[in-house]
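Please find the structures below.
Paired with chain B in one complex and with chain C in the other, chain A is shared by the two complexes that follow.
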Partner chain A sequence: MVLGTYKEVVAARSTDKQIQKIAQDGGIVSALFCYALDEKLIDGAVVAGPTEELWKPAPTVAMTAEEVLAAAGTKYTFSPNVWMLKKAARQYGLEKIGTVAIPCQLMGIRKMQSYPFGVRFLADKIALTVGIFCMENFPFASLQTFISEKMGIDPSLVEKMDIGKGKFWAYTADDVYTLPLKETHGYEQNGCKVCLDYVAELADVSTGSVGTPDGWSTVLTRTDAGETIFKAAVDAGVIETKAMDDVKPGLGMLEKLATDKKTKAMKVIDDRKAMGLPVPYKASSEKEDPLANV
Partner chain B sequence: MSILARIKSFLGLEAKPDKEAKPKQEASQQEVEKVAEEKAKPRIGYIHLSGCTGDAISLTENYDILAELLTNMVDIVYGQTLVDLWEMPEMDLALVEGSCCLQDEHSVKELMEVREKAALVCALGSCAATGCFTRYSRGGQQAQPGHESFVPIADLVKVDCAVPGCPPSPEIIAKTVVALINGDMDYLQPMLDLAGYTEACGCDLQTKVVNQALCIGCGTCAMSCQTRALSMTNGRPELNEDRCIKCGVCYVQCPRSWWPAEQINKDLGL
Partner chain C sequence: MSERVVISPTSRQEGHAELVMEVDDEGIVTKGRYFSITPVRGLEKMVTGKNPEFAPVMTQRICGVCPIPHTLASVEAIDDSLDIEIPKAGRQLRELTLCAHHINSHAIHQFLIAADFVPENLFATAVNSVSEVRKVAQYVVDMVAGEGIHPSDVRIGGMADNISEVARKKLYARLKSLKPKLDEHVELIVGLVADKGLPAGLGVHNQPIFTTDNLYGNRDNFDMDRFTEVMPESWYDDADIAKRACSTIPLYDGVNVETGPRARAVQYRGFTEKGVVAQHVARAMEMKSALSRAIAILAELDTSAPVRADFDPRGTNKLGIGPIEGPRGTDVHMAQVADGKVQFYTCLVPTTWNIPTMGPATEGFHHEFGPHVIRAYDPCLSCATHVIVVDDEDRSVIKNEMVRI
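And now, the complex of A and B:
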């Protein structure tokens, strides 16, 4: 099961024109949080918001649709959102917290919920986790290298970044720049190399661009809470869906990338174990499904 | 006896020899029920060494289950302020709060006695588990300047399980107690493993995670730090050593220190 346990998978996008314009793909994260805030299903959401330094996000508590939209779009560097969860509960006084998280952040959140050793009265306040597909993350300096050095653009002109179709993309107001993905190799965060989760297997709802056409997102509903809230958003008309079978490139592409990430990571895990280096996951010989996130 | 066997015995799951079973058959139904009832309630002691009582307070914050727990599920048989008893009785489980002061002969003696009288010894809270902030003691203070050396209890006796935290959250104490009563060994396994984690520090994140090419900058460590000694800078934990109390919670919560995948999937219904 390279896509983890899920209830349903669909192609989806926000029906809101403003979200469509600023979102990375289908605007699913923005649409879900705006809907959940409107319906008071969450009191606020921890998102990767903008900072004074362009393209360097920071965890931010969004309590209005405007604040959610200010954080729309993918940032390809660190935003330690888990860090902000406790502040969201204690300093902002939120009882029902939403958060967008990449797979590793969800692992931190879920481990905290199952084993809250030093974390008091937070586990039950996490009301909605939206996970995003993630192949790897980059240190901020790596992004600077791609944009300033390899592509030769002034970072302040960049309006959007994207990864897809084998390339790293940077959009300015007038131009589109690309960098073959192999030029980014070696600049990834090293800890990503042992990660066995591409599709945010522990989220309530997971989403990402892979599998669907431009302007759409693939959405997997996983938990009961995630299914309920996603269906409600669709019923309310804030999200529209299509069957995965009706879109290109389809689920096969998602499965392929998930399998690739897991296969590569399993090799690194086995190599590390052979060298006696610590790694929290089982060796491929120790588990039934060698690609499982255990 | 192995830890597993001792926990099974604590839970009343151990196989009974045949010769014990026979006389019971002759006993009246009432007596059998009485034995079963007595066996079903584990005898728990609360031992207070060099700690601040924060762990006990955290335990009592489980308001919703506390009455049921104390009335019907366990018997608290020993503990300062809890039970009027001088002689330490035999116990199924001893919850030990606080580190042990090597210069305080009473603490050392009490800890040794606990190990003798308790089937299971649990280090409750970081002082007992890792030494926590008592690790910084250098003596020379009133009321007893000679009290200088405070160590996690595992330095002196065999510890079966540890629940670090300063204090451990009310939830983890409730989850641990419920798992013990239900015999949920899968849930308890990390606590058994953590009994060996006695030298903790915020710098473990650097040496055991960042230096080992495992950090992914998720921020779970900084979130879980109970003294706000940790922040995140450029996607990596940054430790303010002046605030670190060596409780070990940051490293214990890190998703890259140990990974309870099966338990998480079970809890999420995945």
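And now, the complex of A and C:
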């Protein structure tokens, strides 16, 4: 169960040429939000939108397809989208909110829905959560530091960033730069070291590049709401799918990375627990499945 | 022969108070005294020495029934102490919040007094009507101020955020469609109060009214030189009551006053009636005034305008005055900020103004009408921290004088 509870897993990509061009991989997040907005399944989405500072995203309420697309593409630093949810329900007056979140943010969202302290009338207004696979996340200053100092490029020239094949990739207009992932270790957020969730186990729909070829994404539908919206988008022809068995490298790769993240984090959790440090997870000896996200 | 009728605590109100009536052989009240028995508020003390931003967050917890006026009075007092001029849109959003709260809070009172006025066959209708009105009103407070009960987005210097254009249109549409519903509701309440057939002249007194503004609050109309405050010991002519009474007696021009919806209606809306029925009618009619003002604000609000001013939080120890017209009357917070900390803080809450007037207003009628007179003021005395004394060492309770019903 290293991939959490899910209904179905498929390889998928947006059929929209424009989304394909600007998206990180298969453009699933953009395609789903655009479709849900068009069909009025959501009336807005909290996304990681652009700011005046390149590569530093900020939570933005997108209420049109244009606004969703302006936020397309992965930023490897934090966008505190959860913080914006209440404002989306209040000052923006939204009643069906979609949001994109990384695993730790989803844990926050689900906890907030279970214990709505200070967020009355918000829990039931969250209509669609799309989770993205996440191995780790970098503070903005970390990202700038290793791009400019280790890769030797001006961060403002970077047009796309990516992680894959054991490397951190930076694309400028003319060149492609890489940095072995182990060179980025120590720059990630401290909390990532104890995180047991790689595949956004608490989302309605989770997606990420691992397991599928370039230009495609792996998609796990997890809840009734997620399954309904995803299937409807596929039926409407907005998203095309392939069976996971028909694509390379396949589900095995995703399971391997999820297991790796959990195993590594579980060791840190156990070490910290042994030292008597507070960790918001159980020790491996305290749970049935030592890799469970609890 | 004079006899005493004591109602303690008085019911169908928020908080605890005692009504002591001296009656003659016919049961007619010859002397009425009403006083709060809810002890120590204390929240003002908790605010002293803290950052000014803490004051509205803390003092809104004075009450769960009218937290909006307390929040607004608190930010207004601190705005004044720090000499902050808030942007127009910020002020509009504050007023919009209060207008919606007037509607909500008056509806709560109508629910509380339903047992007095509503016959059984109409009870469900009246309660449902209250619920429908409250639902829309609270939705506005939620959207504009962040939370319906303890609003998080009313801030020193204005409001945390403007609302979006989508939200403005949504609220405008909802309030517009509330109008026929509210008209019907007000007609129902006014009709039920009339049907009760309370004796003419019940609750009429000759004390002046006190109010600072039509619906919001205006510090220009609160003259500190005309305001004094005396202790219950020098007010009540009964030593035992004077000792037990828990709130101070605020006076304007040296006399006790009536504040609240009737006072505002007389001062700003040409209303002339007096007494219990007039108070209920003025309260119900004020819901219409508040709705119409809320709709007007939403029609003209610029959702792209700034709502919060920059300010220097250090302060000059100026005494800031924050009078807000709460549903039950004028709520005045006063604050002094210096060196970035609150140096002094005090709250003069609506019912405190009314307390010395309410007792005597029961006089001249049978004591059975006493509670009606009290309830017509919609008294709210839950503005208190409930205090117990605990032994430092073994945590045992040494003293617990909380009122139990």
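Following the convention adopted for this analysis, the second predicted complex is superposed on the first by the 294 of 294 C-alpha atoms of A that agree within 3 Å, B and C clash if a C-alpha of one lies under 4 Å from a C-alpha of the other, contacts with A are read in each partner's own complex, and residues count from 1 in each chain.
In the analysis below, a residue touches a chain if its C-beta (ideal position, glycine included) is under 8 Å from a C-beta of that chain, and two chains touch if they have at least 3 such contacts.
Since this is a predicted model, take the numbers as computed values, not measurements.
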Please determine, from the superposition on chain A, whether chain B and chain C clash or fit.
clash
Now for A:259: first (chain B), second (chain C), both, or neither, which partner does it touch?
neither
Now for A:279: first (chain B), second (chain C), both, or neither, which partner does it touch?
first
Looking only at chain A, is it chain B or chain C that touches more of its residues?
B
Contacts of A:228 with chain B and chain C, given as first, second, both or neither
neither
Regarding the shared-chain residue A:241, is it in contact with chain B (first), chain C (second), both, or neither?
neither
Touch test for A:63: chain B only (first), chain C only (second), both, or neither?
second
Touching A:86, do we find chain B (first), chain C (second), both, or neither?
both
Look at A:114 in the shared chain and tell me whether it touches chain B only, chain C only, both, or neither; answer first, second, both or neither.
first
When you line up both complexes on chain A, which piece of chain B, out of 25-33, 61-69 or 133-141, runs into chain C?
133-141
Considering each complex separately, which residues of chain A are in contact with chain B in the first and with chain C in the second?
86, 118, 120-121
Note: in the complex, chain A contacts chain C through residues 61, 63, 86-87, 90-94, 118, 120-121
Residue positions on chain B within touch of chain A in the complex are 58, 163-166, 168-172, 175, 190, 208, 212-220, 222-226, 231-232, 234-235, 247, 249, 252-265, 267-270
Over in the complex, which chain A residues touch chain B? Could you list them?
4-5, 59, 77-78, 80-86, 102, 104-105, 107-121, 123-124, 137, 139-140, 189-195, 201-202, 222-224, 277-281, 292-294
The chain C residues in contact with chain A across the complex are 142-144, 146-149, 152-153, 161-164, 166-168, 170-171
